[in-house]
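Notes follow the structure.
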């Protein structure tokens, strides 16, 4: 009917405007993922002279028995879990400070973002240098400033310390990101709520528990969601900082995938690894999404 | 016997921004004081200082004659209703009302009782487990009120509690408010920039302007005896006509007509005449003084017409007159006003000139 | 009771009475602020110091924190820029980052607008997908992209980086721009329509000018990402002269036998991070704005 | 006439550029030969790309460039262990029809052997490389010790020297998780009479007792503080620094060390000697065959010119010049005994002994994969995460699984 | 001779949300139609459909008797003023006014002339090169108006143009608006939810509710002859008293007193009586009918008191009465109302019952 011509014209333009974006996204996201699913049912590596030979689930079977895969999954989980917790606590603290009014707040805020903005690969170099076993400034500080250790610690040489160092580096890099998101959430909480609560006789701590936390929950979840995804796929930091060593103690799934494809030319298995990681990720995101909606309704948004 | 007072209150943000200059007020048990004034005149600031949310630059806040200036808001036993209601979005109505009491460590039973009492007044019973997001403006307003009532505070502070409601609803809630607060005795300080609210609700009105109290008086006197030009223009709608007139002898000259000044004061060279539109009427034979004019705009207000008139002999002065809707008139119109309804102000000081017997 | 007589008073006659605990709060804040600054800057500072120390100072024991005049040198920077021709990599990074950013805005903001205002059927789905995609660790993509690059023969072609970067930045761009468009008063577009603007004309003449700040914001985010990206840059560019800074720096090797060139590495880090630090210093507010708009509102 | 013709050709056309990727260090060192070659062949320009110094980073770069297509490299300056993979992936040109048996006679056997994959020949050896043991003569003399023969000798000697506070550390080696670890282990393994992977049968020997003893040795030197704890994170450069600063008595490293430690600036110059890696009683020393050579990229646009470059670099003269310049190890037997060389490096006949003991790391396409598995488990063994048995069990298992699929 | 009309307009968003049901309106040259109604009643939607910003689900929009339903807003030669003014922030006042004309391809000279003309009315001359950000609310409002005027459209559409101004300013601009539109002849459709604006500005008022036009009439008749209970309650402030009364014979029973129904209609069992507070007064001897009651709430409006009275004999019915401030009374009060000011409505249909002579 003629009534709709305006709307129709509008929508035609609309599609024209969206189309390029959709195409690019399909090319760069849809194809690789789809491709990975297919390829994961083939064996394509040096022993097949790089021909794709359908071998059903063999890649997945092999994965089950692949100690390196499991240790990389384990490493990734540890890495992700620990850094997320630390970031949440630190980020919250920073956000709370930055939310207060004090002279020079603008400057501090600016400075606080810097870590997030810097290139991970380069920062990884910096950390490698800082944690260096013999010339590392970190050792020097612990030794000569705080006297916490007698012997220089070989941070990147020792499996545990290497993981600790990597986590430290990652926390340093991304805490500011968390802080920013939380800060935004904090500022979205109307001041009157605190004032009302104060008039009711609440201490700052009580206000934090009864108002800040519940109302901030959505942002907290969102921040954690983003960070989870990023941490779970972390690559550049580790390949530069530890290369996954020592003894694969800091090898994450992403590094294993990269080696499998680029070093061993084991494409089929690589694809299988991609698929599994992908599924894990989607699963977690789905769960988080569920909690997010719950938190949103709980905190009174609609 | 609770009461609240502020002594020589001053709040200076910057040398330019001084929302409160040197304010002293006192509200006794059972009194309802309204702070009214244009936006930015320092109403909220004053209220927030009393609540303890802001620290005064100088001066004291007294509750029950105790100096509480250094006390935390929570320790002053006051209740405050915010313009935005400030309901906790993640708590349902019941929790919202209970939170203040819980903080005091009150037992659940007593809390329930108090909330019940409040609801007898406010009728929120069937909303208790709703989240604020699912409440209408009026309901939220009532919850906010309830949250204040259950605290049984020494003082109630309200900052423009009605300004987020639409016209019709506001009229009703206004009446409710009046009844609710007539039922209890704790002093109330109420901030608004709507003069109708000020007039209808209060036992005492303080008109604020530029950080100073312009007049502190009963609603009636504010309306009938505005202390200065500002109060006169701010209170009353449609606005009072304020005309600056030259004087000849003891008569003020309005266009072609003369208006005799009250004989009690020495005739100044110039004087400001204030007369409310509703106090001007079409002259009937024998009326004095007479003002002739030409109608150039008529606005129908339903029960009456707001007629704008160019005064003959000084075309740039316009009189706005409120005429009953059953009356008729023609373009050329002759008006009169009863002398006792006229207000005279000093041109320079803008202060009211002394009244009869004063 | 008395209504008062106006008598203005000097602003700072007596200090405002302070509540107990007020001071300590300020103190805590101050400490917190200082800690934050140290936390955020220390590593970079150390890198900076290292980059201007002579090799002896770098490896000396006890550790030299602040180089004395004798230990101070610009040698490492000279090595990078002259010997390793680092300006090439800076140029590459800049080229790739800028192009992909521009491309991203050109594709992203119209899409964002369409998804905000033109009620396309299925826009919720598109948005949902976009939202999920923002969470995507792109290590999962490089296997497939590798194949595409090989098939299309994009190897050693800036496009091999520009296109993925554009795509990876698209979702964020769309979300951020969308949240800005949503904030924009509808009436503006309506009155533009009534003035007779076509949808496109309106977008170009009215809306984009108004969302210029938003464009800058998203642009900066996109740029930062593109400048920092490592995996693709490492994988899809094998020609030395086309590498980007992070890769080049990470592959930096000593000229002396088997020695890790700590100094030049530090210098490279500084060179590679400096532009971003400047970006942050100038656009802090916008960055925050963009991040929050992109994630929280998304 | 011929030269004229070449000259004519040279004039008539642009010089073609032959480029290849080399670890930065060597890039500088090769410069001598590059200049010489370019002056002799005006029609060919050599473009040497400076890569990172870690060998497997360079391998990854080559891999990426071939995998991706449009490889910028015409030649592959290749570590010995890459060849099987590159050949299997079909990235290298088969050179068998360009070289004859006789041409190859002069080259070290292991070096030649390393180039032969699935009946083809893919790599001309350029400079050979073998792992060996360096020791401080001055310290041994002072303590009145003989150079060690067996692993236990080594431990003994080291301990004595440390006890006498003559030196801080006894023995330094490359313990970081990287190819160097496999290489070093290869020697210890062979020295114990064990084997890693049999290229023909794809049999895996990592869980044999010999292998486990080998690992035990590495764990011992660390646990007994003969090697610094940091050794698990050491590359060649780190070990060298410790040794050169006089803080270690024994060093496992490659030939390049010799000239470095003997610079007059070096505080230990003149006090260093070398010998084949120690071995278990009843076994013989084994030196891990390293070394670099040239392959030709299949995709190259200029196979002929590329081959001329290879011929030049692997030629006796070129190698001589190079060796004389930098003290590397030639891949041609004749040069070990070459008077000119012996004049500067009198230790080369000892070196030949070492070279003849050389053994290959498994020449298989999946070597990188196998090596990484081994590295992981070695690393976790020496950094104390796993016992020697556990580590080798798992290593063997996973290694077998790589082949299980073929 | 321009005019605008809508025929059987319907807009359905969802089965539940039908802001416009079946609206037909016609505005002729020189007419000023106001759409008034509570928030959410479909005023804006109607206006936006006429403008072409929304597509109707059914029905047509006619401008100068041509069906323009399928035309783009830009092709309808209309001008619209928005509540938020919708000035282009990146253009200065002049460009804002010019942009529409430029798009029509009008020459600079003519554009300048038109803008000049508009400014003679609006007095914006010294603001022309300011950006909207540097204008006061009132000025922005005038610019928005100017932008509409320069287009010399066939129809003016205004959506709550005053609601962003504060009370005092609004009163003035309202007067200006009235004068401006009296000067020109194109039909005007004006949306507001403020009944004062509706009454003062319009030649015709349409009261909307629940998507239907409740009454389309002149302001006077809307006030004096509300077509149904809703209109009666919506127009007039303070609100009209609406009492549902049982009937005995031809008399309605209000507490202890009887009010005779107009004899012209058959006495129903129940009837709704509507009477405005301003039409009730204190009875003087001989007045009929008499209503006795008890005062329980007094609100001082300044010029008069709003008194709430419980009617004796039926305590739950309350009458609100407007009494002049110079009058006095005591708790027990006797009221009367003149029969011709009473409104009678059917209890079920809520429709007005036929009038005299009707």
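Just so it is clear, A, B, C, D and E label the chains in written order, and each chain counts residues from 1 on its own.
To be clear about the criterion, a contact is a pair of C-beta atoms (placed from the backbone, for glycine too) under 8 Å apart; a residue touches a chain by one contact, two chains touch by 3 or more.
Quick caveat: nothing in here was measured; it's all calculated off a predicted structure.
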Per-chain CA centroid nearest to the all-protein CA mean: C
Label of the chain whose CA centroid is most distant from the centroid of subunit E: D
Pair of chains joined by more contacts [C-beta pairs], A-D or A-B: A-D
Distance from the mean Cα position of subunit E to that of subunit C, given in whole angstrom: 53
Subunit A and subunit D: spacing of chain centres that average the CA atoms, whole Å: 39
Centre-to-centre distance between subunit D and subunit B (centres being mean Cα positions), rounded to whole Å: 94
Multi-partner residues of subunit C (at least 2 other chains): 146, 235
In subunit A, residues with contacts to at least two other chains: 7, 134, 262
Sequence positions of subunit D contacting 2 or more other chains: 64, 67
In the complex, subunit E residues that touch subunit C: 48, 51-53, 72-75, 78-80, 82-86, 88-90, 99-100, 103-104, 147
Contacting residues of subunit D [partner subunit C, same complex]: 23-25, 28, 49-54, 57, 61, 64-65, 67-72, 235-237, 240, 256, 260
Subunit A residues within the subunit D interface of the complex: 43, 45-47, 49-50, 55, 58, 62, 65-68, 133-134, 154, 156-159, 243-249, 259, 262-266
Of all residues in subunit C, those that touch subunit D in their complex: 84, 146, 149-150, 153, 155-156, 234-236, 238-240, 251-260
Interfacial residue positions of subunit A with respect to subunit E in the complex: 2-7
